[in-house]
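All chains are identified by letter, namely A, B and C, in their written order; residue positions are counted from 1 within each chain.
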Amino acid sequence: MRTLPLLSSLAAALLVVSVAGLAIGYAPLPPTGVIAGVFGNGDPLTVAVVREIRLPRLLLGIEVGAALGIAGAALQGLLRNPLAEPGLIGVSASAGLGAVIAFYFGFAALSPYALPAMAMAGALVATGIVLAVAARDGGSLTLILAGIALSSLAIALTSLAMNLAPNPYAVTEMLLWLMGSLKDRTPADALTAFPFILAGGGLLLATGRGLDALTLGEDAARSMGVDLNRLRLAVVGGSAAAVGASVAVAGSIGFVGLVVPHLLRPLVGHEPGRLLLPSALGGAVLVTLADLVSRLIPTAQEVMLGVLTSLVGAPFFLFLILRVRREAW
Amino acid sequence: MRRLTLRLTAACVLAAAVPMGRADAAGPRAASATVCGDQYLLALADPGQIAALSPQAGDPWLSLLAGEAARHRQVRPSAETYLSLGVGVVLANAWSDHKTVELLERFGVRVVRIPLVERFEDIETVTATIAEALGHPERGAVLNDAVRRRLAALRAENAGAGRPALYLRPGGGSAAAGTFVDAVMTATGLTNQATADGRSGWTGYDLERFVLNPPEMLVTSFFESPDRSVRRAFGEHPAFLRRAAITPTVAVPGKTWVCSGWFLVEAAEALAGGLRRLPPSSSTNRGP
Amino acid sequence: MLSASAITLRLGGRPILDGAGFTARRGAVTGLIGPNGVGKSTLLRAVAGLLPHGGDVRFEGQPLPAESRARARLLGYLPQGHHVHWPLSVRRTVALGRLPHLGSLGRPGRTDEDAVERVMAATGIAGLAARTVPTLSGGERARVMLGRVLATDAPVLLADEPTAALDPGHQLRIMALLRAEAVERHRAVVVVLHDLSLAARCCDDLVLLMPDRRVIAGDVAAVLTPGLLHEAYGVSFAVTRADGIPVVLPQCATTAPNMIQFGD
């Protein structure tokens, strides 16, 4: 599939899901009211619901989905492994650790950027470690085992941080960080995460050519003028910024970075560079769609978004492991 | 005048407790593993009887009698600790620490599992059970009488005068008929908006419907805690805050109804006190 | 002309190369031969700029450019093994060779498309253009990889064992392609080879790296002598001629001490 038709289809899908996400919510609103509400016209209560509740949630869903999608695609390209995913390799959990420390120990109260900054720092450390451990051989086993070790460590440290936090009930909120959600997020949340996700995504988009070259191995890539250190730095920094900022405002939303690039890869001829932008769009579609579903499932408490993506993603992951084992690449 | 009588009843209970405790030092050593049990121990046991309170007993946001708790040891719930302290009675939540409780019972410790009850009548039973376990059944009766009298006074006052009000916690949690929150609200004469909305039991509101259909009055609790929590997204959302700012609100301290115990009457009194301070009419709360 | 001189290189504190060097003429195929472990591939990677090293590498008398993309346009490198990490199409794989030429937006232009078409025709893989690399046979894959490096259109071509694991027919076809590139497009082609008879048949010049770090360079007849080969490989060789070209036949199993001395 050529790139432009693919991007247009994904953009169209995102538009449809976005309109649905704005139109469908907890309160029944007439579609005309919603449209007017987006532009600040009409019934003030409807405007409040649309602009203060649904729109931020939708925008944040797009941001987070795009961040996770493109970070997954870029990490897979760099590690030359379709199983690399921010959640699976411990990057999301480490971002969560940074966020939890900032949140429960009062740093987040000092500056609105303390929370994303510490989450990004956590993500950066984790991505660096994964790269140091797994970049050389590109083997799935090393990558997954390193991811398990890192995730477990990050989750244990998160739990410890919550134990030490001033709020005695912080530990009971562990799950809220491990399984992310977009419920009741504010316009400020969407605005705080946006610059980091944009910068991280931009950094990742620029790595396309290097990732393409890396398809032929590190020596061939370098012989074609690719600066591997700069490429690694860009992927690590870009993923950390995008994933860190997402986790800071929405918690961990697993498997988006695995499922989306995998579904889109055949459509871009398996080219890692061409996969980046479609993965960002596809991630945005998936997360906004999953968020819509989470609102529609009639449970007493809203189903966590991370639960939905994991319910779809985990079986998919198992299936992928079997395939990777069978196929040469 | 009213506040004076309330103070007096509370003082009566405490005064009754202390001298009688000295005369009748036979009560077993006791410990509490929960902030709910802490309030019972502090109200019903002799100070010398109290071997340990829960770690939250001194938290001024969660523990009503935090001041008194400061005089006692506060320990992390653990069978080993209680046994080493020579405890004969342990107060625990009915829904947690099952293994600790089983272990204690195997060592012959009497464990009172404090159930989550929703009606004042049932609270009286719990109070009586705990007082009996502590060796002071008469204090339970005194406390129950006092609570009953204070509630009767509140019902007679009818501070709520049938006005509808919605109970909310910072996470959007609410409570309709069949909950102790509803029992407290009803005792002050309020109409529970959640019940009127066709809900029952422990329930919750979503931001959208709250904004579209704001209540005439809010009864809030736990908003005052300084602890950061991701569960508070609802209560910290600008869409909520903007609406809450123009809605008559009575904030009831969370520590008065952290669970359902004899101290719920404090919540009811705090609520009635807040209602008295509200402007008489509230028909202007709709609007952007 | 490509000239590498006084190349020194240590890996993990161990000296691998110490003053090695060679020259490679444009329009000719230079074979880099020698026993295992003597540093042929390392030398090639050093010249390609993939390993930090001491010494001097020049092309047409000028030092190689420091900027990596300019260097990549001058010097194409085909690594050992033909692994492709994603199942790319043949056309796309060959087109990767154009990377050093692409502008900042990475959009291939007319020249790039033409270069890819030419190379695919030259290497006989035009018919495979839409296939993905993992579905190809070993011989096809070797040609695709060669096509990729040829697409760069670099005047210097360094190939590390491009004929490994191929049958004689494919080996000769790959070597013929390299020769054609050297002669027709006036490139300097350097090939690491293990098959001495193939080297004798397909190379113009040979560079023999000896275990004692000497470097013997010259035309095929000058390098492939029984004495030098015995020194290099520790086994005896019979060197005969067929159609005037040397044929190198190692003699079966000599003595154990030699095996130990020169074994891997």
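Simple rule for what comes next: a contact is a pair of C-beta atoms (placed from the backbone, for glycine too) under 8 Å apart; a residue touches a chain by one contact, two chains touch by 3 or more.
No experiment lies behind these values; they were computed from the predicted model shown.
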item	value
Chain-contact steps, minimal, separating subunit C from subunit B	2
Per Cα centroids, the chain farthest from subunit C	B
Chain occupying the most central position, where position means C-alpha average	A
Chain centre separation in whole Å, for subunit C relative to subunit B (CA means)	82
Distance from the mean Cα position of subunit B to that of subunit A, given in whole angstrom	41
CA centroid of subunit A to CA centroid of subunit C, Å	43
Overlap residues in subunit B, where contacts from two or more other chains coincide	none
Residue ranges of subunit B touching subunit A (in the complex, touch as defined)	55-56, 59, 62, 172, 203-204, 206-209, 211-213, 227-231, 233-234, 236-239, 242-243, 287-288
Contact footprint of subunit C on subunit A as seen in their complex	80, 138, 208-209, 212-217, 219-220, 222-227, 265, 269-273, 327-329
Interface residues, subunit C side, partner subunit A - complex	45, 48-50, 68-73, 75-79, 81, 83-89, 92-93, 96-97, 99-100, 102, 106, 132, 134, 145, 148, 152
In the complex, subunit A residues that touch subunit B	25-27, 29, 44-49, 52-54, 103-104, 106, 108-109, 166-170, 173, 176-177, 183-188, 251, 300-302
